[in-house]
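Two complexes, one shared chain (chain A), two partners (chain B, chain C).
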Partner chain A sequence: MSKEVMKDLKKKLGKKIIDMVQPRSNRIYIRVEPEKAPGVVEYLFSKYKCKLCTATGIDMREGIEMIYHLAREDKNILINVKTLIPYSKLEMDSIGKKIPAFRWIEREINEMLGVEFKGHPDMRRLLLADSFPKGKYPLRKDFKHSDVTDEDYDYERSGI
Partner chain B sequence: MDILKKSFKKSIWVFHLSTAACNNCDIEVLELLTPKYDVERFGIKLVGSPRHADALLVCGSVNAHAKPRLLEVYRQTSKPCLVVAFGSCGCSSGIFRDSYSIVGPLDKVLKEVDPDAKIVYIPGCPPKPEAMIEGIVMGLGAI
Partner chain C sequence: MKQTIIPLGPYHPLLEEPEHFKLYVEGERVIDLDVEIGYNHRGIEKLSEGKTWDQVPYLVERICGICSTSHPMAYCLAVEDLIGCEVPKRAQLIRVIVCELERIHSHLLWVGLAGHFIGYNTVWMWAWKYRETILEICEKLTGNRNHYAMFKPGGVRRDFDKEQVDYGLQRIVEMEKPTRLLTDAILDDPVIHKRLKGIGVLTKKDAVLYSALGPTSRGSGIPWDARNDEPLDGFKDLKWKVIVQQDGDVFSKGVVRLLECFESISMIKQALVKLPEGGTIDADIKEVPMGEGCGRYEAPRGEVFHYVRSDGSNMPYRHKVRAPTFNNLPTFEASCKGETIADVALITASIDPCYCCTERVAVVDRNNNEKILREKDLLKLSVDKTHNIMKKLGKTPPLYNMEI
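Right, the complex of A and B next:
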C-alpha cells in the first residue's frame, strides 16, 4: 500500500521535494525547502485527502525544523513533511491563510520559537501571557529561565 | 489588636483563588465541604466575592498572567486578611519554579505590595484535608 503512495507522490511532487524516505511500512518522510513547504502541505491536505494531526517545531541549532504530520486514514499511512528554516531567515508563508486548521498551531510556533508566518490572518498570542516580553522565545535551546525576570514583564498589557 | 481578635473570632469566610494551579488542590478544597470533614461546622465557608472574605485561599504557582489578577483580588479583600498559601506550588512554586512563565512564589509576589501580609503555608501535593483544617486554625491562632 505505502509503495503505491510513494510512487504516486513522487510523480505528483517530484520537482518540489528534496528527498522522500520510508523508514517504516506506514510512514513517509518528505523533506522540502521552506518556500515549497506550503504548496506541498496544501496539496496533501486538499487534493490528497490527508488529515492534519499536528505541526511541530524543533530548535535544531542551525534553524527551526517544522514538521507537518499528516495522516491518510484509508491507506493507513502517516506522512511527515519536514522543512528546515534557517535562523538567518526565520519566515515562511502561512498555510493557515488558506486552511483554517493550521492557524492555531502556527500562532503557537510563532510565539514559542519565533518563526514568522507571512500572511497569517490573526497572529495574536495563544499560550503566552500578553505581558510576556516581545522577542523572547521560551522553547528555543538557548533560552534560559533567567532570561525573563519579573521586571521584563509589561503588566500594562495584561488587561487589568 | 482588639479589632483583629474580634474580626477573626466568629465564622471565617474564605475566598478561593486559583493562580495557575493544576486543579488538584482546587478539588481537594471541595473535599473539605463534603460531610466527612464538613468545615462549615466551624463556620468556615467559601464565599463568591473577595470583598466578603476574611481569608484568601490561593492554590498554584503564580505565573505572569495570574499575578496582576491575584494582586487585584488581594487589594479588594478587607484587611486584615489571612492568606493561605496552599499546596507545594503555593508555598514554593513547586516543580514549576524554573519555568519561563512563573514569577511566584506567592509570598514573594504578595510581600512586594504588602510587607505585612499574614501568610500561612500548607505544604503537600495536594495537602490532606486534616492538614488544611489545621493550617487555617494555626493561622487564626497566629493572628
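Right, the complex of A and C next:
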C-alpha cells in the first residue's frame, strides 16, 4: 500500500520535491524548497485527500524547519512535508488563507518561532498574552526564561 | 438590527481549560464567533526539551487530567517510531485496557455534563454514578483513579496480577447493563431528540476543511479513528468497529460517544481474557539514537499527535504536542453561525472541549450598555428551552433547582 503511495506521489510531485524517504512502512518524509511547500501541502490536502494532523516548527542552526504532518487515513499513511526557511528570509506563503484548518497552527508558529506567513487573514496572538514583548520567540533555542522580565511586558496593549 | 457582542468566558473551574468566546449576535441569533485561547498556556513543549526521555511521560500526563493516558501513549508511540522497536504483546494489551477504561470514563463524564446543561440532572447523576465503577477498576488495576503513570517508551511500568485481572473482568461485565439502561433512556427520550437534533450541524465538507477529529468528525460521517487508521498491534487482534453517525449535529456526537462506550467495554473484556500468561512487559530501551518519530493515538476527544526529534542526547531536541481540541475548536466558525445563544453554549460543549467558558457572560451592545450573565443565567436559558419543548409535547416539566 505504502509503495503505491510513494510511486503515486513521485509521479504527481516529481519536479517539485528535493527528495522523498520512507523509513517505516507508514511514514513518508518529503523535502521541498520553501517556495514550493505551500503548493505541495495544498495538493496533498485538497486533491490527495489528506487530513492535517498538525505542523511543527523547529529551530535549527540555519533557520526554522517547518514540518507539515498530513495523514491519508484510508491508506494508513502519514506524509510529512519538510522545508527549511533560512533566517535571512523568515517567511512563506500562508496556506491558511485558502484552507481554514491551517490558520491556528500558523498563528502559533508565528508567535512561537517568528515565521511570517504572507497573506494570513487573521495573524493575532493565539497562545501568548497580548502584553508579551514583541520580537521574543519562546520556542527558539536561544530563548531563556530570564530573557523576559516583568518590565518588558506591555500591559497597555492588553488593556490591563 | 442592532448587533451585539457577547463574550463567553474565560474562566470556569468545572473543566480543564479556560477559553474565551466572543459571540456577535443579532437579537438571539449568533452571526459570527471569535475564539480566544491561551489563558492556561504552560509551555509544556519548552519544558519537555529540558527533561530526559524517561521523565517526559510524567510531564505530558499532566497536559490533561481526563486524557491522562492518551498523551503519554502518543509520546511513547513517537519514541518507539523513532527507535523502531517492538513492544511486547502483554504490554500492548495492558495499554489497550488502560486507554479504553479512560475512554469510557471520559465519555460518561461528558454525557453527565451535557445532561446537566439541558436540564436533565438525573442523566448527570446516573452517568457519574456509573463512571465511578470505571474509576474503581482504574484504581484497582493501576493504583490511581487518574494520572495512572503506567506507560514508558517501550512498554508499561506495572504488570497486572491474576487477582487484578479477575476483578477487572467481573466489574467491567457489571458495567454493561447500566450503560445500556442509560443509553436507551437517552436515545428513547422525545424531548432530548427535539432539543439536540439539528442543532450545531457540522457538515461533512466543513469537517474535512477544518480537519475535525474524534467524535466531532465521526458524528459528521467521517470514519477517522487513529486506532483504526494507524493500527497498533494491540488493537489488531481485538474485534471492534468504528462508530459513525451521519447528521453532524449535537445529537450525533452524543450518540457516537455513548455507542463507543460499548465498543470499549467489549475491547477491555477481550483484552483481559487474551492477556498472555507471564512474559515481559518492557522492551528495555537503553538509549535514543538521532532521528525523528511521530506518534498518533485516538484520545476520547480525538487524535492526539506527538512529534519528537532526537539529536542523540538524553533529552528531546524538539517535542511537539497537538491536542485534539486544537483542531476541533475552529469548527465552531462553521457550526455556530445562525444558532441561538442558548444552543451555542451547548454546541461549544458538544465537541467535549474544556468548556470552562460559561462562568461569566457579559452582553455588550453598541451603546456600551453592559449586562452580565452568569453561568446560572446561561444554564437557565438552556433549561428553559428544554422545558418549553416538554410543554409543547404535553409533558409537565420537572421542578428544576438552579442552585445545583
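Everything below uses one rule, namely that the second predicted complex is superposed on the first by the 160 of 160 C-alpha atoms of A that agree within 3 Å, B and C clash if a C-alpha of one lies under 4 Å from a C-alpha of the other, contacts with A are read in each partner's own complex, and residues count from 1 in each chain.
Methods note: a residue touches a chain if its C-beta (ideal position, glycine included) is under 8 Å from a C-beta of that chain, and two chains touch if they have at least 3 such contacts.
Here the structure is a predicted model, which means the values were calculated and not measured.
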| item | value |
| --- | --- |
| Which superposed partner A:Y87 touches (first chain B, second chain C, both, neither) | neither |
| First, second, both or neither for A:P138, with chain B first and chain C second | both |
| Chain A: partner with more touched residues, chain B or chain C | C |
| Touching partner for A:A129 - first (chain B), second (chain C), both, neither | both |
| Touched partner set for A:I67, first chain B, second chain C, both or neither | second |
| Contacts of A:T56 with chain B and chain C, given as first, second, both or neither | second |
| Touching partner for A:V148 - first (chain B), second (chain C), both, neither | first |
| Where chain A meets both chain C and chain B, residue numbers | 128-129, 138 |
| Touching residues on chain A, where the partner in the complex is chain B | 128-132, 138, 143, 145, 148, 150, 153, 155, 158, 160 |
| Residue ranges of chain B in contact with chain A within the complex | 63-65, 67-69, 72, 98-101, 103 |
| Complex contacts: residues of chain A adjacent to chain C | 23-24, 26-27, 51-54, 56, 58-59, 67, 69, 71, 73-74, 76, 78, 80, 99-101, 103-105, 125-129, 138-139 |
| Residue ranges of chain C touching chain A (in the complex, touch as defined) | 37-38, 41, 43, 45-46, 81, 84, 208-211, 223-224, 229-231, 291, 294, 296, 303, 305, 307, 309, 317-318, 320, 322, 326-327, 329-330, 333 |
